[in-house]
Amino acid sequence: MAGSTFGTIFRISTWGESHGKGVGVVVDGCPAGLPLCEEDIQKYLNRRKPGQSKFTTPRSEDDAVEILSGIFEGKTTGTPISMVIFNKTQRSKDYSEIASYYRPGHADYTFDEKYGFRDYRGGGRSSGRETIGRVAAGAIAAKLLEVFGIKVTAYSKAIGDVEIDIKNFDIQERDNNPVAMPDKEAALKAQELLEEKMEQKDSVGGIVECVVTGMPTGVGEPVFDKLDARLSQAIMSIGAVKGFEIGAGFGVAKMCGSENNDNFAVDHMGNVYKKTNNAGGILGGISDGSDIILRAAFSRHHQFSHHRRQSIRIRKTLR
Amino acid sequence: MAGSTFGTIFRISTWGESHGKGVGVVVDGCPAGLPLCEEDIQKYLNRRKPGQSKFTTPRSEDDAVEILSGIFEGKTTGTPISMVIFNKTQRSKDYSEIASYYRPGHADYTFDEKYGFRDYRGGGRSSGRETIGRVAAGAIAAKLLEVFGIKVTAYSKAIGDVEIDIKNFDIQERDNNPVAMPDKEAALKAQELLEEKMEQKDSVGGIVECVVTGMPTGVGEPVFDKLDARLSQAIMSIGAVKGFEIGAGFGVAKMCGSENNDNFAVDHMGNVYKKTNNAGGILGGISDGSDIILRAAFSRHHQFSHHRRQSIRIRKTLR
Amino acid sequence: MAGSTFGTIFRISTWGESHGKGVGVVVDGCPAGLPLCEEDIQKYLNRRKPGQSKFTTPRSEDDAVEILSGIFEGKTTGTPISMVIFNKTQRSKDYSEIASYYRPGHADYTFDEKYGFRDYRGGGRSSGRETIGRVAAGAIAAKLLEVFGIKVTAYSKAIGDVEIDIKNFDIQERDNNPVAMPDKEAALKAQELLEEKMEQKDSVGGIVECVVTGMPTGVGEPVFDKLDARLSQAIMSIGAVKGFEIGAGFGVAKMCGSENNDNFAVDHMGNVYKKTNNAGGILGGISDGSDIILRAAFSRHHQFSHHRRQSIRIRKTLR
Amino acid sequence: MAGSTFGTIFRISTWGESHGKGVGVVVDGCPAGLPLCEEDIQKYLNRRKPGQSKFTTPRSEDDAVEILSGIFEGKTTGTPISMVIFNKTQRSKDYSEIASYYRPGHADYTFDEKYGFRDYRGGGRSSGRETIGRVAAGAIAAKLLEVFGIKVTAYSKAIGDVEIDIKNFDIQERDNNPVAMPDKEAALKAQELLEEKMEQKDSVGGIVECVVTGMPTGVGEPVFDKLDARLSQAIMSIGAVKGFEIGAGFGVAKMCGSENNDNFAVDHMGNVYKKTNNAGGILGGISDGSDIILRAAFSRHHQFSHHRRQSIRIRKTLR
């Protein structure tokens, strides 16, 4: 059954596997008149390129995006925008062994069970490259949100047991280190931790935090399309995400009502504001004007190359 | 914009506010031939009735469900099943004061901002009674899942800082105490904690855990309709939920890949199974045959009656 | 699979069968602040009551609507509006014979094939009473459209081979005769035709025409949600409709391009208008500001009572 | 708002304009394991190429399709299938004049009103080339339906006032003449009519008939997803279609119930069948096992080149 579409008014349909000809997305519902060109998309794609540091996957890829429709004289026409990123690097020999394995933590097994057979090369549709289409669509969404003064910022909040310190928070720092931490000291510690794990051919998980500023009030549709519910669906659908929280998140479980309340106040202009923001910017599923603060927990799995003897040669065994 | 519908093949549309004539749901897409009657629904509704313990809201309500369509000769016809629960208790005078308040942590403010005016009686559509429609629909879903051998069980995992102990786990115990904990000792401690908080006119949050057994493999649709993404949307849409996690959840952030791997093995019958279940039963968004284990964090807010002087009389101030 | 929902922003979910407890609809997405009460709905329901003339089904029904949610202090709250019409008349003995028949032209056979069994009383979900929910929802839509100056008017254009004459068109006349024709002479001829057919225990089909005035330009979404495509889906989903056309409709098949063109002109105020309206108010799936003119062809089937010997006693034969 | 997606389980998202870089479609939900390659698609695209006869648009285009994802080792993987057809012929100078025109019968005016500006080159998204994506998706659907023994056949039933004669019906003939008529004599008459009109720089409309054989019973979802309602939406969304009918279609308006009934009978094997098929294979919105017979009325518009003096130079006038 179809599951690669997200959104109602602004709708995206992603496609592509890691070792097919390319990956891409069709963005439908972007209003007409928004200035848009490949560069607006490319700058986001460049941030996700693996191989930029010794810590990320060593496959070198050129992810050059091409916009095939929906643009005229430099602006969106209001019709669907199709974007393609052709897969330049397709070294199948890298993956010749995994045809016979179900890698732990990967979807090899479940894809086989669901579809009957699978594209074993590098994870197919379940690979990280599937997110390229989302990033491209997100680039357009980001440009559109800017028009409304809304800005989305994300960074690594924690890697393993290394957490950023609010007191050292500097968003510029995020783009200066390979672990995307907006805290110079924590970034160094995290890199040390990762080097240690890499020597053990191991890896470690982490938490990404995302802040949305400039939100107007009133966005979100009770009941099932509450803003936090839809954000949650979107975030949980990213591979390796095992948890989503908003505001004080799982911390609210231990908080008393008195601690958790975000009390209202009125400023000298007559505007309503909240003194705290444990709710994370959303009340009853509708934005309340505060920043939206959300977090996602990413799991990591032991690298395949180390476990080939441990993985069960299931395909050879069963078939 | 419409937001009260959930599901594609099996679709539910809920309606109703706390102080309207009633609440209900239309369930569309339930296959024909399933035996169904009011009792199948009522037993679930009876579990959620407030006033059953001193710890829950003291409004006494009769939540008798009526099935208005979709049944013939005791079985579903395959056509939409409409269920209504009429609001028996409608004591508007209980709520006369809150017309002028925005209660912290409640959706009064955001509903006003979104809709321009709101039904101030008891929380309207954002109240807990909105979940009645979901419970009724869930009762039908539960009966349907039974046909496939799938069972859903939920319980309180933690209330405040009181957590259940796996060693004392006894699911029968859950229905014997007012805090729904499957651990007798923890239930007692939790009740003490709540009594303490109530004296301070305060409250405390908690975590609900849910286990789904008997899942076949292959359920879930990459990419956006991954099983965990959709479960997340559904759970986060429940009022007061601020976090959702699956399997090891936020714990994965600190785990190494080697710890987090659920290694595969093959039993003597040739069936694949996993030695651990950090993934929580879902890999790549598709069920893997293990139990699905998920958790939701519930926040609590300070009771209104104590804070009426603290709440800003915003309505009187601004309008 | 669910199929009783229509609409995205303004969404309706209908339910109910002819001999269940009632029929109804949930309208989700109606904006807040629209004045609304039972009378606004009842006046439309009263127009569709059978038994108002000797020509329509002789079952006398009280279709009193009740609004159960979504209204507060006489205005919509923006939350789902649930409406119920309880079935007062349930004389099962009228239908005792048809349990063993598949009536030609009715969905008895197909429902049995699809669902495995069916509610044989009076047509169940496939009966004309299913449209009550739509009329109720339509009443709300009509009130909403009025706010924008948009008006929807429908009437019988033809019954059998009796057609209305444009020269005698008088919309007031429509409500003065039982065949809803806005042409006094044609109405009389149609009634004579129907009396003739009734004596033969036969019936005849017809065409309903609908005009929408006050349309702004720009409504409709290429490609699949073109305005005419969606109108078509809505109309074709009404029981007994076998054809839908817009503007010159099937007449265009014989027209030359030169005849069919609706040439543009500019008036003294600088507004664009069309000299003709063969397009029926929609170009490329988007409204062009002219009136929308559409037609639906209704088929009729021979009354059951006359054919009970001819109908195959299939249920007894096959089961 | 997004409108270029169709389908729920098998979902297609089309994109592309006549003078953009290309057109295409993403097909999501095709089951895994279906053998598929470019040739399966190309054969359908080759049938729609303009320039194949003197009667169709003289632009010569190479419509070579490329499958970019969703296929592995010659079979579908169950993941989205992205197909692209690059626009080879882009002679903008052909269209330099129409920037200042609203062509009658085309969507130039309505697109401008809706979006504020438009891609004036050749009709943009509203052009005939938009259907290429649909044809490509349809090719996959056709292959899938074959697995179930379902076959879809379409042909020209009428062009202007020239209709095919059932007595001369020969489906092979359809592919032997440029007007796609399965009747040799009628095809000749139609070609003469078209030549006559072309000399007058005029054109004429027509009717396409489509027959679906091998349908099982039970397909279709009351109420709004009735099979005929959805087919109607799909067909009406094709440019230039102004009417849709099924079975006896608009003819039922004049038919008596007795004529219109498709009486049931039981054959010697105990299978139910209908003696006639005025319903066109669908009863109550659900397939009844008979062939589905539907028709679409296509309008034509006077060729632009002849009317440039008659068209209002609206863009120059108003802006």
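Going by the order they are written in, the chains are A, B, C and D; count residues from 1 in each one.
Simple rule for what comes next: a contact is a pair of C-beta atoms (placed from the backbone, for glycine too) under 8 Å apart; a residue touches a chain by one contact, two chains touch by 3 or more.
Not measured: the values here are computed from a predicted model.
Engineer: Counting C-beta pairs in contact, does A-C beat A-D or the other way around?
Structural biologist: Answer to which pair has more contacts is A-D.
Engineer: Starting from the Cα centroid of chain A, hunt down the chain whose centroid lies farthest away.
Structural biologist: Of all chains, C has its centre farthest from that of chain A.
Engineer: Rounded to the nearest 5 degrees, what angle rotates chain B onto chain D on CA?
Structural biologist: For the C-alpha superposition of chain B onto chain D, the angle is 180 degrees.
Engineer: Give a one-word verdict, same or different, on whether chain A and chain B use largely identical residue numbers at their interface, taking over half shared as same.
Structural biologist: Shared-number fraction above one half, so same.
Engineer: Quick one: chain A and chain C, Cα centre-to-centre, how many Å?
Structural biologist: Taking the average C-alpha coordinate of chain A and of chain C, the gap between them is 46 Å.
Engineer: Please compute the C-alpha centroid of chain A, do the same for chain B, then give the distance between them in whole Å.
Structural biologist: 27
Engineer: Rounded to a whole Å, what is the gap between the Cα centroids of chain A and chain D?
Structural biologist: Centre separation, chain A to chain D: 39 Å.
Engineer: Going by the contact rule already set, what residues in chain D reach two or more other chains?
Structural biologist: Each of 1-5, 8, 14, 79, 114, 125, 222 in chain D touches at least two other chains.
Engineer: Which residues of chain B touch chain D once you look at their complex with the stated criterion?
Structural biologist: Residue positions touching the partner: 8, 79, 222.
Engineer: Would you mind writing out the residues of chain D in touch with chain C in their complex?
Structural biologist: Going through chain D, the ones touching chain C are 1-6, 8, 14, 102, 104-107, 109-111, 113-114, 125-126, 130, 158, 160-161, 197, 200, 202-207, 217-218, 220-226, 228-230, 232-234, 236-237, 239, 242-258, 260-266, 270, 272, 274, 278-280, 282-289, 297-303, 307, 310-312, 314, 317-318.
Engineer: Could you pull out which chain B residues touch chain C in their complex?
Structural biologist: My answer: residues 1-5, 7-11, 13-17, 20-24, 26, 28-29, 32-33, 66-72, 75, 77-82, 84, 114-119, 121, 124-125.
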